[in-house]
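Consider the two complexes below, in which chain A is the common component and chain B and chain C are the respective partners.
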Partner chain A sequence: MADAVAPKAQPSWKVALLLLQPLASFVATMAGALFFVSALLFFSPGNAADVVAQDEQLRQALVEEWGLDGSVFQQYGAYLTRALGGDFGVSLTYRPGTSVAELMAAKAPDTLFLVLTALFLSVTVGTLVAFWSAGRPNSLSRTAIQWLSVPPVFLVAYLGMVGLDAWAYGSTVEKGLTPPPWFPLLMETSPVKTALAVTVLAFASSALTEIHGTAEREIRRIRNSGYVDAARARGAPTWPHTLSNLLPALTTLVSNRAAFFLGGAIVVEKVFGIHGLGDVLWEACRKRDFPLVLGITLLSAGFVCGIRLLADWVRLALDPRQRGGT
Partner chain B sequence: MRSILRWSLTAAILGTALPTAANPLRYAEDQAPGIINPLFTTTMVEARVNELLFDGLYTDNQDLATTPAVIENGQVDPDGMGMILTLRSDVFWHDGTPIQADDVVFSIESMQNDATLSTEAGRVEWISNAVALDERNVRLEFKSPTFHPQDKLFFKLIPKAQFSSTTVSRTHPFRTQPIGTGPYRLESYNDDNSVTFRANSDYRDGVGIGELVLREVADKSYQAKLIQYESLEALVRVMPQDLAELSKSRKIELYPYQTNSWWFMGFNQQKAPFDDPRVRQALSQMVDVENLLAPIGTGEILSGPYVKSSPFYNHDVAPWSNDGYAAATLLEEAGFLRGDDGMWAKDGEPLSFTLTFHQNLETSQKVVINLQSQLRREGVEVLTEALDEAEWKARIWRQRNFDTLLSQWSFDRNEDVYAQFHSRGERNFSGYSNPRVDELLDQARTASDPYDKKAALRQVHALVREDAPMIFLWTLDSYAALSTQIRNVLIHPFYFFTYVGEWQMQ
Partner chain C sequence: MKRTQALSTAFLIALLAAWVVSLIGHYDVVLDVDPNRTNAGPSSQLWLGADDSGRDVFQRLMKSTEAFVGPGLLACFVAALLAVPLGAWAGWTGGWLGESIRFLFTSVAALPRFVLVLLVCSIYGTGGVTLGVAAGLAYAPALSEAIYDRVSRFRRAGFVMAAQAHGLTTKRILGWHIRWVNARALIGGHLLQLFGYFLLVETTLSFLGDFGVQEPMPSWGNMISRDALQGGVNDLNLWATAAPVVAIWLTVWACAKLAQSLDEVDDV
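Right after this comes the complex of A and B.
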C-alpha cells in the first residue's frame, strides 16, 4: 500500500532549492509579462503623444520628453530600471502628472477586494457543492452549477440592475419619496452594487463549473483511496482525510483561477461602473498611457505570481510527495 | 408569493432610503477630465470644465457677439498692430486676490513658451509681445495687422502667482488644484471619478446654482436613463435615439442648440483613384445624403465647409444631387467600366476602398453601414475600419494612411477652415490643393473688412464643393436635456457652460 509508506526525507539544500525555484519563476514571469505588454504597446498604432498633440511640432516634443522615440528594448529597460528603484513613473494621458503609484494605491483596494472575495466565494461554494455531489450521479446541484455558466451572466446582471433601478424609481421617486442610497446602481458606490459585482464574478462564466468539477473528481479519487477506506473501516469520519488531501488540489485551483478572476474584474468593473484598476487599465490602454499600463501590469503580474508562489510553498508544506518523497 | 417578494423588495428599498441634501446640478460626461489646466486642454470635457473655472479676456454674449469678460475695455491701434486692454477692478481669483495685468501677460507667455508644450499655443501665436503697463493695463502687439483681435482673445487666464516661471509642466499641482476667476471653483476630485464644483461667491455677476457635480457615465444610453431617474439634472448632448423618450417626460426639458460642427466623407487625393476629381464627384453623386442622415437624427444638409447659419455659407451653392446617371457618366469618363457583376472597374481593378472612421464618433456605425450599402448598390465595394483616438491620430493625422474617412469637424466662432483646405494646412489630411483656394484663404485671414472676408470665404465654399475633396454631409441638430428644476437656461453651442452663472435651480 503506497499510501501507508512514509516519505523519504530530503536533504535541506534540496528543500531550499525547491522553495527557491518558484521564486525564480516569479521573477522571470514578472519580467516576461512586463516585456510582453511593453512590446504590445510599442507595436500598437499611435502613442500617448498622438493622443495629446494637435500638431506635429508638439507631438515631436512630447515624444522626446516622454522617451517614446527609443526602441522597445530601450523603453522596456528604462521603465524596468526605474521600477526596480520603486519609481513607476507618472501618468501621461489618463491623469497627466499624477504618479502611477498614487493612482494604483487609490484604485487597487477595490479591485483586490472584488477579486479576492469572488475567488474565495467561488472556491468555497464550488468545493462545498462538490462534497455534496461527489458520488451522486444525478445530483441537482451539479446540474444547477452547469446551467449557471450557460447564460450570458454579465448581460443578465446589467439588465437586472437596470430593472432594479426601474423598480426603485417607481417605488420611491415617482411617489415623491427619497430613493435609497444605492439608487441608481451603476452610478452610486454602495455595498449593494459591490455585492452584485462579487456575485457575478464568482458565479458567472465557467469558473465555478471548473472549480466544482475539479474538486468533485479529486474528492472521488480521495474517497476511493486506501487511507479513507481504512478510516471508514475504523468507523472514523472520513471528511477530515478528504479535506486535508484535497487542500493541495484546491491550492492549485486558487492559484490557477487568480489570473482569470483578475481579468474578469476588468469586465465586471466596466459593466458595474466600479472605478477600480480594471477601469483604469481600460482607459490607460485606450489613451496609450504606457507608464500606467506597465505599472498596473507589474501589480497584476505580482498579484498572480505572488498567489502562485504562495500556492507552491503551501503545496510543498502540505504534500510530502512534492518535496521529493516517495 | 410574487406579492410577498414585491412587498419585501419595496420594504427593503424604503428601509434604506435616506433624506437627501440640497440638490446640486449633476451633469454627465463620458469620461472625467484628465487634467484641469487650460494650457493643456485636449478634450471637450476639459474645455467645458475650463468654462466653469476660468475666464477669458473676452467671451460671447447671448447673441454670440464678442463682449468683454474680465476687461473694462480694449482699445485697438488704428493700424491693427496692437491694442491696450484695461482689466476690471472687480475680478478676483478663487483665492481672493485680484486679477492683474501680470496675470494676462503670464498666461500668454506660458502658452507661447515652447518648453511648456501647451496644446493651446496656436491661440496666441499671432501675438508678438505682451507687456503689463501697470496693474490693470496690458499692451498687446501683433505680428501682422489684425482685424477685430477681440475675437481671438477668448483663451483662458491663469494666475501668475501659482507658477514659478512661464515654463509650466503638465505635472504642476495646478492640474488638481486649479484657480481661476470663473463662476465655479473646484471643490473636490472624488474617488468615483466625479468632480464637485462650488459656486464662486466673489463672482462679479453672481452665480445661481450653488453646486455642480460632473459625473462620469461612459454609457451614453445610460446617461439618458439617469436623467429620467432624476439622478442627473443635465445632459450635454442627447443621443438621437433617446430624444423621443426624453421629450415625453414632464420633468425634462430639451434645449436645441446649433453647433459649428459638420460631418464629411473625405477622399485621400494622394491615392488613386481619388486623385481624379471626376471619381470624387461621381462618388459624391452616388450618395443619398438625406437617407444617410435620417437614421441618426435631424439636421441640415450642407454643400460646403460651413454650417448654414454661418455668414460664410454660400447659399447659392447646392449640395451634389443624388444622380446615378451623372455619376456613371463621370466614372466612364475617368476610364471605369461597369462589369457584368454590376461593379465598377478600371484596367481590371475594381473600384473598391476602405472607409475609416473614429470609433468615438457617435452613431457613425449606422452611417457607415448605410453608406456601404448605398455604394454597393451603385457598384462600388466599401470596406470599413474603426480606429480609436491614438490610432486615428497616428494613421490619419500623421501618416495620412487611408483611402476615405468619415469624420466631423467642429469649429469655434471663428470658423477658420484654413487648416482643412489650404495646401499648407495642418489638418489637410486629404492633400487637397487649389491655388485659388489658398489665395482666398490667405486673403480672408488678413482682411480688415468683414465683407471682404465673407466674400472670399463664400468663394472658397463654391470652389471646394466643385473640387469635392470631401462629400459635405450635414450639421446635426443638437439637444441638451435639463431637468425642469433648472431655469433661465441658455446654452453656448461650443463651450456649453458659458452662461451657467445665470442658470437658476428651483
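Right after this comes the complex of A and C.
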C-alpha cells in the first residue's frame, strides 16, 4: 500500500540473522529427528545383522563391521558423519547391495511430483471454495466438502478405481468394443491414473476440509478488518486485499500439511500400484531393510523440514512485521 | 449443530457398545464359514448378508471393532500421558527448559505420522498395542503444542495471579484451573481427532495387508475386497463391500463432527 508508512530499513546483518534463524532450526530439527529414529532402531529387538546373516559367525562379523555393538550415541555419530557425505549405506533385502542414495534418487521425483501437485490442487480448490463459502452460514459447498473429504485416502482411491473400471468395462468390453488405454487402472500406467491419484491425495482424509476451513476462518477475519472496509468504501474490489493478507496464513497451512500429504502418498502409491518412494518404503519396512527405511525416513523428514524452512522465509518476505519493521 | 452433535455422540456410544458386545460375545471367525450361503443377500438371519466365504457380514462388522476401539483408546491414553503434562510444563516454565521440551516434540513431528507408524511396525512388529503406542506417539506433538499454547497464554492471566496470591499450589492451578477448566474441550477435541486418525491408520494398514489385521480376523479395512482392483468389478459383493465402507465413513465423520463442536465450545 502506497499510503502506508514505509518500514525502516534493517541493517543487512540483522536481515541475515533473520534468514539464518529458520536455517538453524532446520538443522537442529533434522539432527533431533535422526536421533529419535536412531534410538527407535537401537532399542529394536533385532538389528540389521540379524536380518541378513544366517549363521552366528557372519552375524558377529557384520555387527563389528557396521559398528552395531556401539552405544546409541556412537551409532548416531557414525551414521551422521556418513550421511553428511551422501553415504546412506546399502540396501540389505529390497535390492541387496544397491546404494540407498541411488535407490532414493531414482524414485523420489515421482513421489515429489505427486505430493507437490496434490498440495497445490488442495490449496487452490480449498481457497477458491472458501472465498465463495465464507460468510454463508449454510453453504452447500462447505457441507459437500465436509462429507466427501471425510473418508481415508485408501477408501476414496479404492472407490474411484472400482468406479472408473466398472464404467469402462460396462461401456466398452461388455459391448464388444476395445477398452480405453488406461483400463484396467491398476495394471496400466497412464495420465488418467496419475490424475486420479493426485485428486484422491488432494481431497481425501479430510485434507480439503482442513485447508478449506482454515482459509475460510482467515478470510472471515480479513473481511472484518479496517483496510477491507476502507477499500469497500472507496469502491475498490476487496479480493486483492483479502488474497494478499491470506498468503502468510496459506504458507503456514502448506508447511503444516506437507507431512500429511507425504504420508498419504505412500497409501496412494500402494493402492494405485505407482512405484515411487512410498512404495519402496513400504516394501523396505516389510522386508526389514533398515538402512533403506532409515534413508527414506530421513529424506521425508528433510522434505517436511525443508518446506517449513521455505515457509518461514516466504513469510519473512511477505510480512514486513516479521522483519521487525514499524 | 446441536442435532449433528447429538447424532455423532449417539453413533460413537453405539460403537463402544458394539465393542463391548463383541468382547463378551462368542463369535467365532472360523466356524462362521458356510459354503451354503456364499454371497447371500440380507435376510432376517443375516442382517447384512454374507461374504464370499458365507460369513455373516454384520457379525464381522461388530467383531472388527476389536481391531481399533481398544488400540485407539490406548493411542489416546499414550498421547495424553506424553503430551498433556509435558506441554503444560513447557508452557508454565517457559525459558530454555520449555523450549527444549518443545524441540523434542518438533523433532518427532518432523517425521510424517504415517511414516513413523510404518517405521515402528517394521521395527517392533505389528499388533494392536504396538500400533496404538505408535499412533499415540505420532500424534503427541500436535497435542503438546496446543497445550503449550494454551498454558503459556494463561500463565499471566488474572485468575492465575489471583490463585497464586491466594496461595494455591502450582499443581492445583495447572491441574484444575488451567488444564481442566480451560483446556478440557481442547484436549477432548484432539483426542477425538486422534481416535478418528487411528481408525484411518488401522483400516489403511489392514486394507493394504502386510502390517494390519490378517484374515481370518476381520477389520473394516480387510473386509473391503481388494479383488475388485484386479479387474473383477462385476463379481463384487455389493453388501459385503458397502457395509464396511459406510461404517468407516460414518465413524470418521462422527469423530470429526464431535471434535469440531468441542472446538466451538472451546472458544477462549
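What we mean here is this: the second predicted complex is superposed on the first by the 262 of 326 C-alpha atoms of A that agree within 3 Å, B and C clash if a C-alpha of one lies under 4 Å from a C-alpha of the other, contacts with A are read in each partner's own complex, and residues count from 1 in each chain.
Everything that follows uses one rule, which is that a residue touches a chain if its C-beta (ideal position, glycine included) is under 8 Å from a C-beta of that chain, and two chains touch if they have at least 3 such contacts.
Quick caveat, the model's predicted, so the values are computed rather than measured.
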| item | value |
| --- | --- |
| Which of chain B and chain C A:A53 touches, first, second, both or neither | first |
| Partner chain(s) touched by A:T29 [first = chain B, second = chain C, both, neither] | second |
| Touching partner for A:L281 - first (chain B), second (chain C), both, neither | second |
| Which superposed partner A:W182 touches (first chain B, second chain C, both, neither) | first |
| Which of chain B and chain C A:L159 touches, first, second, both or neither | second |
| Which superposed partner A:L318 touches (first chain B, second chain C, both, neither) | neither |
| Contacts of A:A259 with chain B and chain C, given as first, second, both or neither | second |
| Which of chain B and chain C A:T93 touches, first, second, both or neither | first |
| Chain B versus chain C as contact partner of A:L62, first or second or both or neither | first |
| Intersection of the chain A residues that touch chain B with those that touch chain C | 44-45, 162, 165, 169, 184, 186-187, 270, 286, 288 |
| Residue ranges of chain B touching chain A (in the complex, touch as defined) | 9-10, 13-20, 31, 34-35, 40, 42, 114, 117, 119, 121-122, 169-172, 175-176, 191-193, 215-219, 222, 225-226, 229-231, 387-395, 397-398, 426 |
| Parts of chain C lying in touch with chain A, wherever the complex brings them together | 103-104, 106-115, 118-125, 200, 203-204, 207-208, 210-211, 221, 224, 228-231, 233-234, 236, 245, 248-249, 252-253, 256 |
| Interface residues, chain A side, partner chain B - complex | 44-48, 50-56, 58-59, 61-62, 65, 90, 93-98, 106, 162, 165, 167-169, 171-173, 177-184, 186-187, 189, 270, 273, 275, 283, 286-288 |
| Chain A to chain C touching residues, read off their complex | 28-30, 32-33, 35-37, 40-41, 44-45, 146-147, 150-155, 158-159, 161-162, 165-166, 169, 184, 186-187, 205-206, 209, 259-260, 262-264, 266-267, 270-271, 281-282, 284-286, 288, 290, 293, 296-297, 300-301, 304-305 |
